[in-house]
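Look for chain A in each of the two complexes below; its partner is chain B in the first and chain C in the second.
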Partner chain A sequence: MSAPFQGSITTPYTPPFKVVRQYFIIATITFIFLNGLMLMSSRYISGFHFQPRLLSFAHMAVLGWATMIIRGAMTQLIPVILETSLYSVRLAKWGLWLYLAAVITIVSHFWFFAIKGGGMASAAGMAFLAVIIFVINVGLTMRKVKSINITIAHIIAAIVYLTVVAAIGLLLGINLSIPFIKGDHLHYLGLHATIGFVGWFSMIIMGVSYKLLPMFTLSYTYKTWPGWTAFGLINLGVLGIVVEFLTNRPLYSSVLIVTGMFMFSYQIILIMKGRMRKALDVGLRHAVFAYGYIPVAALLGGLITLSNINPEIKQRVILIYGFTVLFGCITLLIIGMMYKIVPFLVWFHKYSDKVGKEKVPMLKEMFSERIGNLQFWLLNIGVPDVMAGLFLQNQTVVAIGITIIFISSLLFGYNMFTVFTRK
Partner chain B sequence: MNILSEQLILTALKHVIDPEIGINIVDLGLIYDVKLDAGNVYIKMTMTTPGCPLHESIAKGAEEAVRQLQGIESVKVDLVWDPPWTPDRISNWAKKQLGWR
Partner chain C sequence: MIENLKNVPKEKIVDLDVRPELDAGRDPFNLIIKTLGNMKDDQVLHLIIIFEPVPLYTVMKMKGYDHSTEQTGGLWHVYFYKGEASATVKADAGEGESKTSEPKTIEIDVRGLEPPEPMVRIIETLPQVDKNTTLLVHHHREPLMLYDKLEHLGYQAATEKIAEGYYKVRITKKG
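Let's turn to the complex of A and B:
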């Protein structure tokens, strides 16, 4: 048997299935738990934002759900985005448990507002350490990157912001246990939330979108200047917010951020216009709606920071803004991307070596698209419903919306369970 | 004879379907070249995106699909990124499947 052509296929940077799976399963359970808890305590989702249950919900959403997924997804996507292997799978593996312990401690301390003793400070310390482990892992992986593209630039910015957010969180955690910050705690909380939302989440969402959206929609012929402009404007805006914080002088930096968010939306429109794959599946429909919520959140953010609205109305808008960012923008996008990434992960693990030998399922056949569609519409009814309820200060409307979102989260959990337990 | 056999190889490659897009790799335009030399097959192919996480399974799948044909001695799959894949390579049939009218 002659064999003139041998050794052909390049070595892949195979993602560590078990590690990524743990992040995704924990985050999905947290998401359902969060919605269940919000349903049982929906009366707390109103009024002033600095209150124990709201802070607990917010941290469960940003740390236990969104950042947990992003950490897992980054472990999976680093080979795709950077075209190199993750620096250390072990750091990703062990970092998870430290991070999970930190999230549980932070969320429970906020829930009971247990600020006496060093519990809150230790929780914030654990979270900071777990973030640093993640940042080191991504940072050392980045060393292998030869050139910077739009996605990589966003990821670099995102992990810098994540470090800053965790550091401010650490200071705030210590301050709650042992007050040492001169001035208003809420002033620092505002910076913590702004850098978290506008810095960490928007940079990571935008960066990953620039890679995944064209890949999933087969879009290759669009200009990237709006994306780069958005990157510049948003980062300048965040820098301006920091200067405003330090100098107490209004610089109207939010204008840059709001404009940047609209430039991002324009970039997404260009990508979608140039796509070859016209029909959108359930994952991409989630993503498109999430992108639609971004300018809405940007306008709400602008309203909070730039206008002189009545303080009582402003308080409502702050809640609506936070809810829109967490459930409209971040949750919708995460769920959409999970419908793309999780089936792929399981498919790769189970069927990768069967391609070409036997019939293997398509990724969309790994879960129920009907349930996915129902879940999608429920979520998109529930989110505006809660937004309206928060504005009208109508607890019944809020409770109905949260019930709908909870049902949606159960359906999503069912679909993920179907994928993960596929025989 | 060779033309027909290369055609047969392409037919075999049509059984390898991108599980994300749901279109076979030939109609997606991922196959750049197929050469047959006395039972030894050389396939030059690409992926839609560099770093595509499916590249290993699809390239191996292509190799396996061809290996199952009778009379095949060896199969080499060369995964290349140059020239990069462009959507122009998608067949008209596949475009319809993707929602183009």
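Let's turn to the complex of A and C:
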């Protein structure tokens, strides 16, 4: 044997791809289904936000698409991010089916607005339980982590918020079946949505970005103070929103959140400036555009909470804000990261054993980058189009935008299908 | 002078002593890149510096430069040259020595390569790794996905972080 040397002897901990793949495939199908459904009933995407169809779309997007992907991706990425193995593969596996059942029940109850009986309450209960399973799995994995870095701090905050969002969701679900909340249901809904968007999604997106973006672009020499500042500001802002909710006093907490979002943008600029891999492939182009939508969404959020615009305009801005967060920021980032992660995972599980024995495909041959590019541009035409249509309250413009996004989602689905079924 | 640069004529070597820059409290990076910009492809940059400029290796690698490093006293002499394509396998030990039980090291540099190239290069080099051989991989990150693969193929790895964006992975055959 060679002389002893420094460094850690490693242990195997790649999670089984079968489980991760199920999350990814289900989420991708949900995304296409959501766009198809929105296309067929685009007339409902207008007006006041507390409407059965809109609530159904929103939950399909946040639960069935975004959170589904994040759960699957976290199962896969935790070894990379935390440099330790996942606490339980079985929890990830069975959590999926409970979660899927919960999402389908919630979305369909909203769609038909079936609030009589205990259906909505039990759906929210299932979702809460499925979230707790995920939180426990991530939380117990975290226990093995020795030192905190910026990504881990964000993930801890994210799973705390996710638990709170699911708990408020449970209360709201019960309240729809058996009204017990004193005061305004919509007041609680606002808190549920804010902590979901600003707490859960922004924390998880930022935390994972700080790990993956430098990894994909080979960027190492940037400063991290803007990221930590963003972390502080946004968490303080969310705390302020909770205090505002409890005391009913305006504290202008959204100023902190909006500033925090801009600090995040600055951090992303620093990472991108310091990168050594200059070329941006289709995955990274998606990510860069997603980061571009974040300050836009932040400004819209600021406009909703801080300005005195007339209520009718404000209602439109709320819809535009929700749409921008879901389709601009979150969807673009998810698609971009999937282009980076999924082909490699499939390659790893199908071909890495054949290296040196037979010819293996290159990563670029796993899917069509041309279709990916077309899909990218369609998405980036469709999203601003819908935003404009919502502002102008023009049903035709909205419908055109959603049609374009639907076509884009089909192309994305085709690319993912090619990757997953490659022989 | 380092072995593989012995045949390079003196006039092809551009000397750059960055000690004055460092003494003045400036980052020599820009000067190095500027000097490099004025050089031809067949020229060699001879950098004289008071520490081993490890992060620079990665930057230079991305620009297509390999390096050889020599330390004398408290001084580092680093030669950057456009050589073979990246990740060329070079064995430390010469031919014919493989029959002896002298431990030897095979080095490959996969920094900056797009996935899955790093993994492909490593797995392709594995057949050359026997009981007396260590495969030393210069990597831009800790190759977590590789470990299971190595385990499966009967190898083990130990990783040492040198700097952000630079890891040394030592792979040996098990048992």
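In the analysis below, the second predicted complex is superposed on the first by the 406 of 423 C-alpha atoms of A that agree within 3 Å, B and C clash if a C-alpha of one lies under 4 Å from a C-alpha of the other, contacts with A are read in each partner's own complex, and residues count from 1 in each chain.
Here, a contact is a pair of C-beta atoms (placed from the backbone, for glycine too) under 8 Å apart; a residue touches a chain by one contact, two chains touch by 3 or more.
Because the structure is predicted, anything quoted here is derived from the model rather than measured.
**Q** Who contacts more of chain A, chain B or chain C?
**A** Of chain B and chain C, the partner in contact with more residues of chain A is B.
**Q** In the superposed arrangement, does A:Thr396 touch chain B (first), chain C (second), both or neither?
**A** neither
**Q** Does chain B (first) or chain C (second) touch A:Ser307, or do both, or does neither?
**A** Neither chain B nor chain C is touched by A:Ser307.
**Q** A:Ser352 in the overlay: touching chain B, chain C, both, or neither? Say first, second, both or neither.
**A** Touch status of A:Ser352: both partners.
**Q** Looking at A:Thr221, would you say it contacts chain B, chain C, both, or neither? Reply first, second, both or neither.
**A** In the superposition, A:Thr221 contacts both chain B and chain C.
**Q** So, does A:Arg277 touch the first partner chain B, the second partner chain C, both, or neither?
**A** Once the two structures are laid over each other on A, A:Arg277 reaches both partners.
**Q** Once the two structures are fitted together, what part of chain A is touched by chain B and by chain C alike?
**A** 1-3, 5-10, 12, 14, 79-80, 83, 215, 218, 220-221, 276-277, 344, 347-348, 351-353, 355-356, 360, 363
**Q** Given the complex with chain C, which residues does chain A contribute to the contact?
**A** Listed in rising order, the residues are 1-3, 5-14, 79-80, 83, 215, 218, 220-221, 276-277, 344, 347-348, 351-353, 355-356, 360, 363.
**Q** In the complex, go through chain C and note every residue touching chain A.
**A** Of all residues in chain C, those touching chain A are 55, 58-59, 62, 103, 105, 112, 114-116, 119-120, 123-124, 126-127, 131-132, 134, 140-142, 144-145, 147-149, 151-152, 156-160, 163-165, 168, 170, 172.
**Q** Could you list, by residue number, the parts of chain B that touch chain A in their complex?
**A** Contact set of chain B toward chain A: 15-17, 19-22, 37-42, 48-68, 73-79, 86-87, 90, 95, 98-100.
**Q** Under the stated contact criterion, what part of chain A meets chain B in this complex?
**A** So the residues of chain A touching chain B come out as 1-10, 12, 14-15, 79-83, 214-216, 218, 220-221, 276-279, 340, 344, 347-348, 351-353, 355-357, 360-364.
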